[in-house]
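One chain, subunit A, links the two complexes that follow: it is found with subunit B in the first and with subunit C in the second.
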Partner chain A sequence: MAGHQTLKGKDIMDTLKFKSQIVAKPYFIFALMLFVGQILFGLVMGLQYVVGDFLGGTVPFNVARMVHTNLLIVWLLFGFMGAAYFLVPEEAETELYSPKLAIVLFWVFAAAGTLTILGYLLVPYSTLAEITGNEYFPTMGREFLEQPTITKVGIVIVCLGFLFNIGMTILRGRKTVINMVLITGLIGLAVFFLFSFYNPANIALDKLFWWFVVHLWVEGVWELIMGAILAFILIKITGVDREIIEKWLYVIIAMALISGILGTGHHFFWLATPGYWQWIGSVFSALEPLPFFAMVLYAFNMVNNRRRDHPNKAATLWALGTSVMAFLGAGVWGFLHTLAPVNFYTHGTQITAAHGHMAFYGAYVMIVLTIISYAMPKLRGIGEASSKKAQVVEMWGFWLMTVAMVFITLFLTGAGILQVWLQRLPESGEALSFMQTQDELAIFYWAREFAGVIFMIGLLTYLANFLVDKKEAVKS
Partner chain B sequence: MSIYKEQNPQEIKKASNIALLSLLNLTFLPGIAFIVLMLRLKQTSKTSFSYYHLLVAIKLNLFAATALILVSILMIFLGGFYSAWTWVFVITYFVLGHSIFITFAVWALIRSWSGNKIKS
Partner chain C sequence: MSATFTKSMARNIYYGGSMFFLLLFFGLTMHTTKVMPERDHRENLTEAVERGKGLWEVNNCIGCHTLVGEGAYYAPELGNVFYRRGAGDLDTFKAFLNGWMSVQPLGIPGRRQMPQFNLTEPEVNDLAEFLKFTAEMEVNGWPPNIEG
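After this line comes the complex of A and B, so read on.
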């Protein structure tokens, strides 16, 4: 824990405003470890697209996919929690209500997450369902929500403890717009997760409520979390007045909620719902790029009008990068296939995968890496920023990962267009089957795998930046 | 850093409107916004700050039109309308290219807001 961790005469409190902020550090470290795992399984799965029996006996495709997506969600949750533990005390101008609770919850969540992933890898999914008592309260078997019921209960307990800790800190401290938006987003995250416990037998109803978790997370409340973290970082690195940044934040979250909530309708197009959902879903989800567009305007405007030159250039790059990539991935690539007449042909194709990859990377991976970039030098006792050399390495990581993700998206988009052409457009029995189509897309999958390897190299480069300043870091 | 104070506020407003028109031409009002931009040519003093942004906007939109419309038509002409690969390239190229032009127009708008040229 924080307080008096000294090395070579330095104290962690030289760089942190509140000693309890140090609890964010294990969250960030564990998040990055899971990130590596996520990309590793992404590479395995990417190869399985073209070499079908690669590790087939050990890690089947469905398991690799489950681990890839679940690790993403879990490491982002660790990142959001770390972000909250770091920024809430600073915003509220008070110590965290209970640093001990934060550490206990970290170990509970880390143990539950690790056991779940090991369960996916070591036993057949049906056995995992059996040994975790899924039959008594069935919630398993749906993509992204594959966790055993007991793990889901654990997530709820961790979320409640986390919200209690953050909420009590805010209650006894300064109430800022950033804190309020952040906790609104985090409460929303917890509330909408509860729909994962509702598992109707009717598959259309099941999917409908499944989207209440998945869509209202990533195109709803997570945008509030992203907006709050971005606002915090922009205040710190630009020195622009809080009032200006807060006004932008209000506009962005209003646009996000107005477009995102009814935008859920774009998932209801083909779920046996009334036809008016095709209009509601199309119109409101066509508005969904607007908050991301506003974020580009906002981030670039704040950096352009900055009142100070913050030494942490890497954090500034991440902040600008997340706004642009979120606009491209969530905004533009979302709009590409969101209108009902287009989605009729494109839903469930590689175009969705293209959108998913760039949107998650741009909006949520990059915002977590932004706060890590800003916070880590302070949490490690280095100072306001890492050394120039470390920042250069970090920025290499940024560019390698970002350019690789652009290419992954482009290759998947190409694959998706060809897939629609071969599998969806032809009528009168001329369409290729799913598997025949997949064979035709092999060139794109090889190219995507190559870009994935570059992404992994970028991630390792990014992680190497932490080694550059190893000697300067205060041990904690 | 911003040089906001160095420009006449009226010029900044004019330049901002021009940059906004440029962005609108690339998004919600293609063609119409460009006509309005062209009409501004005669009304704007050639030595003014807003004229600089007007030229940037016109050049950007002409370049975007060429890159997005003409090149796409050329790709369709060379690749064939009924070829899957034509659409693989045209759609991917158009979406990415369009996004890049929009991002540049956003940057021009931000620079005009703060009374800056694109490069200062």
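After this line comes the complex of A and C, so read on.
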């Protein structure tokens, strides 16, 4: 990534309200590097779906998947942390409590993350479990929580240090609604992660409480983080009165939590759980699209009623885009299979994969790219915005990735519908087996892989925007 | 939003609403864990089942398979494999599983490959006990058919 140098006659710090915001930069850069890795392994998996023995000996599917999903989680966490280090001082109107701690934690987290990924890739998973002493405190081998126990402890330590730093900054400064919502979301993230240490011998209980991390993160507290970041960006790029933005923010996160907490029930349909969850989960998760719909109205309203024309058009595009794609991916595609009678047939099919891809991209990848788009020109000392040329390249990246993700989702949905038709709807004896069904879905998987390649091209295009402004800067 | 709907009203709905539903959720979860024993049949939770779960975890089986619909979607559902491949009989299932695990990877060109995990026979038997336990949990009638 380019542009570390100060520009001629102009110090980087001039473009930042508070110098300590600069600590966000390594977080954002490392997040984007991991993003590339995530997509690379996504392409490997996508190919393994149709060429089953591709890299089978070196990178078995389970390893590629673990790397793909864990890189996603970790780079989003880097993105959230970078976002917090950037926006909390500006909101609190004070320097970060300890920039040094933020940098130390960056290296600790980056080292722990890199070692964990290398562990996945270089030794068999059971060996990794053995050398990290999993037998003494077993937490490994559960979806998304595959990290060795010692890595999980490291994540907790990094989160505590991070929360301390952010919390002290807020305590010292202005306690805006955005800061309070953001820190609530971040504390919730840390608290619910603690459930990853609970791994009972009874698989039924294990599965129940596993969702306390997974669901209450992505359909709970992460939405607070997303809402806070989006609100910050909208205030900055539209100049709309803070009071109005904050009121919307409260309404959106209220809807998110009121629907999302009991919405957890949509994961309790097919566990060793009472049947009432089928009603509770269906009703409340059917409401989960509402906060995302409100977010679309809000983002477009604020931009339409803007009081200023911010020169960073790319950041505006990301902010609008994330609201729309989160609504489609998390809202619409979630609703498609969230009612218990439908979910009975779709549970654990490619429909779930389709929803997962668009929801994560729309809500969380895009919100992190929104704040990066807004913050990077300032962190690099360029000014309020990148040059027109760089923004055009960035917007090409936006469209390529977003359109590719729409097609990935549509192809996986097609695969999922056919899978349900062949494997789930017929009676035992008439239904095709899982593996026979997969063969029938090959055309969709090839199309998905092709869309995945376009996504990678989009990502590289997006990254190229950082090279454009190596020398020139736009006056704001 | 109209002027009569103020920010403090929105804030109160947020705090009040989320606290209320969080408490309700915890209450329902407590009730759920209280009635779960009659559905998960934890009286069948032997040491072999427990060892089997450990093996399931350290070999990252969930990285390809699903277990009661959760996991990766790359390889067959195993929550009911005890019925599909063992016809609900433990000895049959153990024999099947030992045979199946020992011939991996199948090495059929282009076919998805299951790695060779080099498990011993007692270990595979523990895994079979774990999958039997999973199959015997009552999960509200899922999956729709034997194929999972």
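The working rule: the second predicted complex is superposed on the first by the 463 of 476 C-alpha atoms of A that agree within 3 Å, B and C clash if a C-alpha of one lies under 4 Å from a C-alpha of the other, contacts with A are read in each partner's own complex, and residues count from 1 in each chain.
Please note the rule applied: a contact is a pair of C-beta atoms (placed from the backbone, for glycine too) under 8 Å apart; a residue touches a chain by one contact, two chains touch by 3 or more.
As the structure is a prediction and not an experimental result, all values here were calculated from the model.
Undergrad: After the overlay on subunit A, what do you see for subunit B versus subunit C, clash or fit?
TA: fit
Undergrad: Of the partners subunit B and subunit C, which touch A:297 in the superposed model: first, second, both, neither?
TA: The first partner, subunit B, only.
Undergrad: Of subunit B and subunit C, which one touches more residues of subunit A?
TA: C
Undergrad: Between subunit B (first) and subunit C (second), which, if any, makes contact with A:305: first, second, both or neither?
TA: Only subunit B; A:305 stays clear of subunit C.
Undergrad: Touching A:414, do we find subunit B (first), subunit C (second), both, or neither?
TA: first
Undergrad: Quick one: the Cα-centre angle at subunit A between subunit B and subunit C, nearest 10 degrees, please.
TA: Rounded to the nearest ten degrees, it is 100.
Undergrad: For A:268, select first, second, both or neither according to whether it touches subunit B, subunit C, the two together, or no partner.
TA: The answer is second: A:268 touches subunit C but not subunit B.
Undergrad: Answer with first, second, both or neither: which of subunit B and subunit C does A:341 touch in the superposed model?
TA: Neither partner.
Undergrad: Touching A:333, do we find subunit B (first), subunit C (second), both, or neither?
TA: It touches subunit B, and subunit C stays clear.
Undergrad: Could you tell me how near the closest CA atoms of subunit B and subunit C get once both structures are overlaid on the shared chain, in Å?
TA: 10
Undergrad: Looking at the complex, which residues from subunit A come into contact with subunit B?
TA: Residues 293, 296-297, 300-301, 304-307, 309, 324, 327-328, 332-333, 336, 406, 410, 413-414, 417-418, 421-422.
Undergrad: Quick check on the complex: what are the subunit A residues that touch subunit C?
TA: Spelled out, the residues of subunit A in touch with subunit C are 45, 48-49, 51-53, 56, 60-63, 65-66, 125-126, 129-130, 134-135, 138, 140-143, 146, 177, 199, 201-208, 243-244, 246-248, 250-251, 253-254, 257-258, 261-262, 264, 268-278, 280, 344-345, 347-350, 352-353, 423-429, 431-435, 437-438.
Undergrad: Applying the document's contact rule, which stretches of subunit B touch subunit A when the two form their complex?
TA: 1-2, 4, 84-85, 87-89, 91-92, 95-96, 98-99, 103, 106-107, 109-111, 113-114, 116
Undergrad: Enumerate the contact residues on subunit C facing subunit A in the complex.
TA: So the residues of subunit C in touch with subunit A come to 1, 5-7, 10-11, 13-14, 17-18, 21-22, 24-25, 28-29, 31-33, 35-36, 39-40, 42, 45, 49-50, 53-54, 56-64, 66-77, 105, 107, 109-113, 115, 117, 130, 133-134, 137-148.
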